[in-house]
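Take this structure first; my questions come after.
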Amino acid sequence: MAELSTLHDAIAKHVFDGDTVAMEGFTHLIPTAAGHEVIRQGRKDLTLVRMTPDVIYDQMIGMGCAAKLVFSWGGNPGVGSLHRLRDAVENGYPSPLEIEEHTHAGMATRYTAGASGLPFGIMHGYTGTDLVDHTRVATVRSPFGEEEVTAVPALNPDVAVIHAQQADRQGNVGMWGIVGVQREVALASKRVVVTVEEVVDELDLRGPSPCVLPSWTVDAIAEVPRGSHPSYSMGYTVRDNNFYTKWDAISRDRDLFHRWMERYVTGAEDFDVYLEALDDGTLTSLVDDG
Amino acid sequence: MAELSTLHDAIAKHVFDGDTVAMEGFTHLIPTAAGHEVIRQGRKDLTLVRMTPDVIYDQMIGMGCAAKLVFSWGGNPGVGSLHRLRDAVENGYPSPLEIEEHTHAGMATRYTAGASGLPFGIMHGYTGTDLVDHTRVATVRSPFGEEEVTAVPALNPDVAVIHAQQADRQGNVGMWGIVGVQREVALASKRVVVTVEEVVDELDLRGPSPCVLPSWTVDAIAEVPRGSHPSYSMGYTVRDNNFYTKWDAISRDRDLFHRWMERYVTGAEDFDVYLEALDDGTLTSLVDDG
Amino acid sequence: MADPGYTADEIMSIVAARQLRDGQVCFVGIGLPSEAANLARLTHAPGVILIYESGTIGTRPVVLPLSIGDGELAEQADLVVSVPEIFAYWLQAGRVEVGFLSAAQIDRFGNLNSTVIGDYGTPQVRLPGAGGAPEIASSAGEVIVMLRQSKRTFVAEVDFVTSIGFGRDGAGREGHRGAGPTVVITDLGVLRPSAEDHELELVSVHPGIEPDQVRAATGWELRFSEQLETTEPPTEVELRVLRDLKERTAQAHGGA
Amino acid sequence: MADPGYTADEIMSIVAARQLRDGQVCFVGIGLPSEAANLARLTHAPGVILIYESGTIGTRPVVLPLSIGDGELAEQADLVVSVPEIFAYWLQAGRVEVGFLSAAQIDRFGNLNSTVIGDYGTPQVRLPGAGGAPEIASSAGEVIVMLRQSKRTFVAEVDFVTSIGFGRDGAGREGHRGAGPTVVITDLGVLRPSAEDHELELVSVHPGIEPDQVRAATGWELRFSEQLETTEPPTEVELRVLRDLKERTAQAHGGA
C-alpha cells in the first residue's frame, strides 16, 4: 500500500546510492522536484534510466549523482544540447559517465517486458544501424517461420520515480494526457515513488488517456504542487518553454551551473525555494539581462 | 476511412466464405447482430476465432458456418456447455469442426503480436500442460540469459467484427468498460466491421477504460441498437442472464435449435425481428413453460 | 445424519473464504471461487484485492457476477484494463498472491483438467477448455482449488493436464513462478499436498463427515494427515453474510 | 541576388509540405517536420493524419508544439496512447505511410546520423541520439528528410548510422518494412535516390539557386538528374498560411 509522506522521506526511504533509478515522464509529468531531492540528499553512483534525459538528468549528471545513463534521446527539447550530459560524455566532467543507449521503441519494449515479468521483449528495430554494435540487442528467429525479430533485455529498475496529477487518500494514483511509459516503468520497478499535484478525496481524471495505478502497486506518494516544472501537468500547469531556453545558458557554463544549483537546489531546504524564485521571476536571473 | 452502412451491406462487403473471422467481445459488447447477419447471408468454411465462443459462435457452428474454431474457453458463461459446439466436436454435427485451442493469455498474446506487426508473441505459459501437444506453441530461449519463454504465433484475421457503444459521423469508434481484446483484434485484422449502439455527433465515453478506434482503422460501421444481446453494452443495455439460461435448453436439442434459428435469424429479414420477439417476450417461447 | 444447519456448498465457500488473508491480491474465477472471495471480503478480509480476468482490478461487487465480465465488476473496480494487459502486466508479472481455481477433474498431484473427458481427439465429453486457468496455476503465488469431491472428479491421473499442479509425476514446478496448489477445499473436507511427494492428503474433514467417506469419494488411495482435524463449523456471521450475499444476488439477477 | 520574398527555411517547409497527400498517415518529428506537416494540413491536405511519438494520434494543433509532448497535441488529438503502444501498435505495425525525419548528417545513400560526430567512444560532438528515428526510418511506408544542406551535413559517409537509408553500401533495405527515404528537402533544392544505385541525386533546385551551388554544399560528387527542374516558388497562400502559423505560434509561446 502506498504511504503518503513528505518528498524528503519518500526519497530517503526508497532511493539509495548505487540504485538503478528510472525517473520517467515523456515531456509531460517530469518529476523535477523528486530529482532535486535526490540531488539534495547527495545520492551517488546511480544508474539513471530515462528515455529522454531532459533538464532533470542534466542537473543530476552535472551534480555527479550518476555513474551510468541508459537512455534513447538526450537533448533539451526544442532548444538543443544538454550541456552537462555532453560535458560528462565528451570531457568526463564532473566524472566519467558510462552510457547505454537505445531507441525510443527499444526502451519502451524493455519497460514493457519488465512490467510483464518477461526476461526480454521483441520488436522490429535496430537492424542496419550502428547502435547494434554499441548496445544490448540480439536477433531471434521466429519459431513459426523464417522471419527474424530484435530482442532487447527487460528493464526492471530498483526504483521508479514519476509525477502524476492526483492521488486519493487511499494512495491510488491517477494521471491523464500524455502518459508516456509511466505505467510500464512503475509496474517494472521494485519500488515506486510518486509525486502528485494534488491529493484528492476521489480521483477525477479529466483528460484523454486516463490511467490509474492502484495503491498496492505504489510505495510512497508525496504531494508536490508544480513538482514537474519546467515540464507540465495537464490540467494543473503549463510547460515553461522559457525556462528550457534559459537552461541552455545556465547549463553551458560549469560555474554558472554550480551557482544555480547551489542557490535553488543544494542550498535550498526544499522545492518551495525553487517555486518562490519562479514566482518572483528570479529563477533564471543568473542569466537574465538586467 | 470507415463507411457508415447497413449491417447487411457491411457483412456482404467484408466477410467472405473461407475467411478467418474474429468476432470478439469479452462477455461485454459481443457482436450478436453481426453474427446473425453472417448466418443469414449463409457464409461457409469460416475459421472462427474468438477467446470465448459463447452463444454467438454456438449459433454459427450449429448452422454450419464454420470449418475451424480457434478459441480458449468454449462455454455458456455461468450456465454450462455450448451444446452446438459440443455436438460438432463430439459428433461432427452438422459437420466436423477442426479446433485449435489456446489459453486466454495465449490468445491475448497472439492478438497483441498481430496488432504489433510481429510474427509471434512471447509469454510465460503452457509449460507442463497437455495443451503443448495439441496446439501451436514453441519454446524460445532468452538471448540474454538462461530463461526460457513460450512463443505463440501472431493472429491476423481476415476480418474483425466487434460491437461498440458509439461511433461519430466521421467514423471514429468509441467504447468503454470491459474492452477485452477488441482494440488488439481490430488492429490485427485486415478488415474491421463495427456495429454500434448509437451514432453520435461527438464521442462521449462515459465509463472506465475509454478506448477509441480512429475512423481510418475501421472499414464499415453499422448502427445496431441492442446489437450485443444477450451480452450487454455498458451505458446502454444490461446483460440478459435469463436468455443465457434459456439458451441451454434451446441449443440442447437439434430440432429445437433449428426451429429457433429459422424463426429469429434465417427466416427473419433483419435483427429487428429478433428484438421484437425479445420485447414481446416470445424470443424464448419455444422453451418457456406455457 | 442430523441437519448441521448449513449446506455442503455453504461450508465449501466458507472454508475457502477463510484461506484468504486481508489485503491479499486475489485472482478470482466465476462461480464458487467468486462467492468465496467476496465472502472473505465481506467478513474478515475487507481489504482483499479482487481481480477478474475480464480486466477488472480491485473490484467490490455488491452482488455476485454471473459472468466474468458483468457490468457490476467494471462499475465497482479501482481500474479496468484490457485482457492482454490483465494477463501480461498483472498475472504473469507475479502481482497475484492467490489464485482460485475449479475444474472438472483433479488428480493426486493437484493437476487440473477442464479440457476433455476421455481422449482429446475423440472426447467422451468436450469441456469448455483452459480459459485463464493455466496461467493462474503457473503464475499465482499460490492456488486454492475448490471442487466437489467424488471418484469422478478426484482421479488418480487426469485425462488432460489443463493446469499444472505438481505435474503428472508429482516432481514439482520447475519453471513456474508460483507455489501451485496449497489447499483443495471440497464439500467433504480439506486436502493439502504433502511436503515430501506433493500428493494430496486429507488434513481436515467437515463436521459430520467420516474420513472413510472422503476416501470412498477419491479415485486413489487417499492418505490421511497425521494431524487430521475436523473443520471449524461455519459461524453465524459467516452463514448470515453468505446467505445475504446470495439473496441479494438472486434478487438482482431476477432469480436467475 | 534579389530578395525572392521568402526565406530558405520557408521554401524548405513549403516544398516538404507539398510532398504530403490528403488523408495520408504521417509520423511527425518536432521542428521543421512538424511545421511542414501542419502547413500541409492547413493548405492542400486537410485530412492528413498527424501522429507524434508522444502518443498523440490524429492531432490538429492550432499552434506549433515546441516539444514532442506539448499539451496542445493531446488536447487536439483523436486519441492519446502510451509510448509503448504508439511504437508497437501504430508505427511498427505499418500504419504510418509517411515519416518525417531530420538529422545532423545524411550520406549519399540516405543514411542518417543523430548520435555522434567523430568516434563513438571519444566523440567530438555528442548529439542527442536515436529517439524514435530508427524505427520511423525502418517502418514508415516512406521517409521524407528535411535538412539544411552543407558539406558538414551532407557527407559521403555518416560517422554513425542512427537511422538506415539504403545502408552504408547502398545495397538496399532487406528486412525493413518501408521504402526508406524517397525525397530529401534542403534549403537549396530537392534530392531523390536514383532507381539504379540508391545514391541521392539532385532533382530540383530552388529558384535562384545554381546546381553547382548545391554540389559545392555536398560532401560527395553530387549527381544531377537528367530531368533537373527548378522548384515551383512558394505561392502567396502557402506563404501566408505558413507565416500566420508561425505568428500564432510565437504569440502563444510568448515569443519563445
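We just call them A, B, C and D in the order they show up, numbering each chain from 1.
Methods note: contacts are C-beta pairs under 8 Å (C-beta built on N, C-alpha and C of every residue); 3 or more make two chains touch, one makes a residue touch a chain.
This one's a predicted model, so the numbers in the text were calculated from it and none came from an experiment.
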Steps needed, at fewest, to go from chain C to chain D via touching chains: 2
Most widely separated chain from chain D, with each centre as the mean of CA atoms: C
Of B-D and A-D, pair with higher C-beta contact tally: A-D
Averaged-CA centre spacing for the pair chain B and chain A, given as whole angstrom: 41
Euclidean distance of C-alpha centroids - chain B vs chain C, Å: 28
Intercentroid distance (Cα basis), chain D paired with chain B, Å: 42
Numbers and ranges of chain A residues touching at least 2 other chains: 116-118, 123-124, 183-184
Per-residue multi-chain contacts in chain C, two or more chains: 79, 88, 92, 139, 177
Chain pairs in mutual contact under the definition given at the outset: A-B, A-C, A-D, B-C, B-D
Partner chain B, residues of chain C touching it in the complex: 30-31, 53-56, 66-71, 73-75, 77, 79-84, 87-88, 91-92, 115, 120, 123-135, 138-139, 160-164, 167, 173, 175-177, 253-254, 256
Chain C partner contacts - residues on chain A that touch it in the complex: 1, 115-118, 172, 183-184, 187, 212, 214, 216-217
Residues of chain A defined as touching chain B within the complex: 116-124, 136, 138-140, 142-145, 147, 149, 151, 153, 210
Residues of chain D defined as touching chain B within the complex: 23, 25, 49, 57-58, 78-79, 88-89, 92-95, 139, 177
Residue ranges of chain B in contact with chain C within the complex: 26-28, 51-52, 71-75, 77-78, 81-82, 85-86, 89-90, 101-105, 108-109, 111-112, 123-131, 134, 148, 177-181, 183-184, 207-209, 232, 234, 238-239, 241-242, 244-245
